[in-house]
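Chain nomenclature is as follows: A, B and C, assigned in order of appearance, with residue numbering initiated at 1 for each chain independently.
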């Protein structure tokens, strides 16, 4: 009896800590524009969502994708194209980007899932690189120029997103909504199977689960959320460019998640804000940015594997 | 002579030869990766940066020590190999007990550090390194003008690849290496210093990358970027070939170089992506790779 | 959180505060943005900041009671980085004018932002002729050079001197296509023939296959419709394959003196290219170069640096005349109204579409024996007079030009 009580008690404690953290995060983000440059905050939010999407795959399924920029960047292109050339209103532009992420996720996932571990990572990297070369050549992306002057449009026909505050609120709502969705996915029967696959795939198979299917669905979900992040970013900056599909972008999202804390709920958010802030200060030092990023990778892998939020959670003995 | 789809046989053979040259680099680099992965189970993302270091070492040797290409071919791989050994002792050895993916992330971080540092000091426009005087000029083969240096590249790479294969597959030292990959504890029980073998193997793989870099210096641009894009193609080569066999890596490297060369003739816009497309096809038909052992 | 995006926060503060003139935020802030660490760092980079500083000094801003600050930033040749920097510069740091910006993709992005925020954009480094064409705005002036002027200079002049069969080696992306298209049109208009073309992936490393095809075509001129390291590599590998020895000439459609410096005269000799300015053309230029080089690590000024100097000088004149730096459109209108006159480009004008007009020059790279030392690389083959050098006003498609 006592063990059951303990178990449920722990569960209550866990969800309570996560709920508190969520309220704190949402509150901070609501008042943040009074203290910080809103465009900077929106950039951080888009990347936070991207990192959460990536974390879904690596933190909860154990699959390291080295090509996530593919989904982020191509969703950004399609969203930008939809808004500018097809004249879609912003909500449909973002949906188009999301659909792109999902579609590409299905194709890439189907190919990549065939191998495990290191091979999986290399395949995602290679496929992303291939799509990068397509992006250079495809006429609609305008290659080096990117898709510029993307109109933000009027949300639902009447909310003018050219106004900075409106745009910020929209981005915040999208971010919090997707964050809650991801939370729901992780803490569901489906999510439990994913975690089982991460712990010991062979055992999950022996229990009768079709692990290939679960992995593929998780991959597509991750790609979809990355797509939301990408198309939202295209509207915020009114630009979709090659940087978004290039491999350093894939590396960045990995770094954000690693620094923030793999497999924690809030880790990717913390990591994204950390890296975006760091890069803001580092624009003054040009290419040293790469060296700093590399150094952070090395330090994190060797000494700091739990990441910011992971260490915090460990110290406070809560789940974050 | 004859015409194939509008391309004369002369042009065709010329392009095949060039494909073979590119293939040499793919083969050398995927060989290094395969050797390292075989022993350490780590995918060495730093390989591209170490290739770049080899080229830069050759450049520095020329600039500051007045030592030309023939010195560089020997010294650069040793110097860069030693840095590889340092990396292994300082960083990699702590990762063997962990998930393989951490090795990938660490070597990725190291690659960023190397490339970023060099980019800061040398920009990205590239530095000049000329073909050594003894190898300048070329032969007029009738169907193309073949620079001597490129012929040398093919011959030397083949020699290095085959020698490596021979040492690993046919000698006693190689058999220890292969045994240690299968069962390190047992091999240690026989009194063989496995950690030292691992360190030296990593150093050797890195030296191979540096050697490729020295050979690339006269013909490709010596720039901090030179390894970054190449390494991703080499990853694709390795996935296609499968990392199970040394000979597989060599054959796949040369083969893909030739296919890429042919693509440049018939369909030049796709030459960047053809290797990735082949990778996708191989994954569908034979996921373990052409020469790999199914995991 | 206000943060200054400045690579070198050169706060060149001159003199006392403002007396009669009302400058926004109390000072005139010039933002020099370009590639500080990549392929184009030598031809623009820190040198442009130095050129801007020299322009401000020579203008005598201090004596006139104008407080001028110069800040610099690195856009890393990426439109998203460039856009971010410019947006923050204007919103947070109150920068009034953006100068230089090589890499057309970044320039086009900045062009839009500066128009939306009504500041001034003086392009020196970028090449896209669309900036004075369909994408022209009342806030932008395109200084120095553009793709049309290069195509016209190189293409026409070469055809007229006997190079009438061409083969193009083109980088397979928008800019490469544009270069190829513009030059091919000029070649054919002047009686030449395009025998063929091949597109190489961008960015490329190994051009041997494509050079072989160019060789096989037997065209007298191989036009390199690419830029930066692609051009340098193509030229290097062409030398390796003995293409110039075989009697064909290479025409670099976008190349700078810094590229020749990187290649060395042995490899680059005989190369033909068009530039807007060269340090060894007259005494004023030489004097400028002697003052400039020690400040820029021995690198001699390129046409991009000279363009920055000229543009900043003219901008300051306009701001002085208007006694204000707030309204971008008004300043640019003034710059178009006043004829230009500076020691580097002499007298010139700025057209209604934002195009700065001056002569262009066709150069050939000297043989090693002909050069007296470092940076003595060019011999002048032809001068294209100002009224022929740039695309005619009516052909541009700029909405500002009333037909």
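Simple rule for what comes next: a residue touches a chain if its C-beta (ideal position, glycine included) is under 8 Å from a C-beta of that chain, and two chains touch if they have at least 3 such contacts.
These numbers come from a predicted model, not from an experiment.
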- Task: Consider the two chain pairs A-B and B-C; indicate the one with the greater count of contacting C-beta pairs.
- Result: A-B
- Message: Taking each chain's centre as the mean of its C-alpha atoms, which one ends up farthest from the centre of subunit B?
- Response: C
- Intercentroid distance (Cα basis), subunit C paired with subunit B, Å: 39
- Query: How many Å are there between the centre of subunit A and the centre of subunit B, using C-alpha atoms for each centre?
  - Reply: 33
- For subunit B, write out the residues touching at least two other chains, lowest number first. 119-120, 269, 272
- Message: Among all residues of subunit C, which ones touch two or more of the remaining chains?
- Response: 37-38, 172, 201
- Multi-chain contacts in subunit A: which residues touch at least two other chains? 133, 137, 286-287
- List of subunit B residues in touch with subunit A within their complex: 37, 43, 91, 94-95, 100-102, 104-106, 108-117, 119-120, 232-233, 235-236, 238-239, 269, 272-273, 276-277, 279-280, 283-284, 287, 295
- Note on the structure: Residue set of subunit B touching subunit C in the complex reads 8, 10-11, 14-15, 18, 21-22, 119-120, 123-128, 131, 138, 144-145, 147, 149-150, 219-221, 223, 226, 229-230, 261, 264-265, 268-269, 271-272
- Mind pulling up the subunit A residues that touch subunit B in the complex? 64, 66, 111-112, 114-119, 121-123, 125-127, 129-130, 133-134, 137, 247, 251, 254, 258, 286-298, 300-302, 305
- Task: Would you mind writing out the residues of subunit A in touch with subunit C in their complex?
- Result: 35-37, 39-40, 43, 133, 136-137, 142-146, 148-149, 237, 239, 241-244, 280-281, 283-284, 286-287
- Message: Quick check: in the complex, which residue numbers of subunit C touch subunit B?
- Response: 37-39, 41-42, 172, 198-201, 203, 205-206, 208-210, 212-213, 215-216, 228-229, 232-233, 236-237, 240-242, 262-264
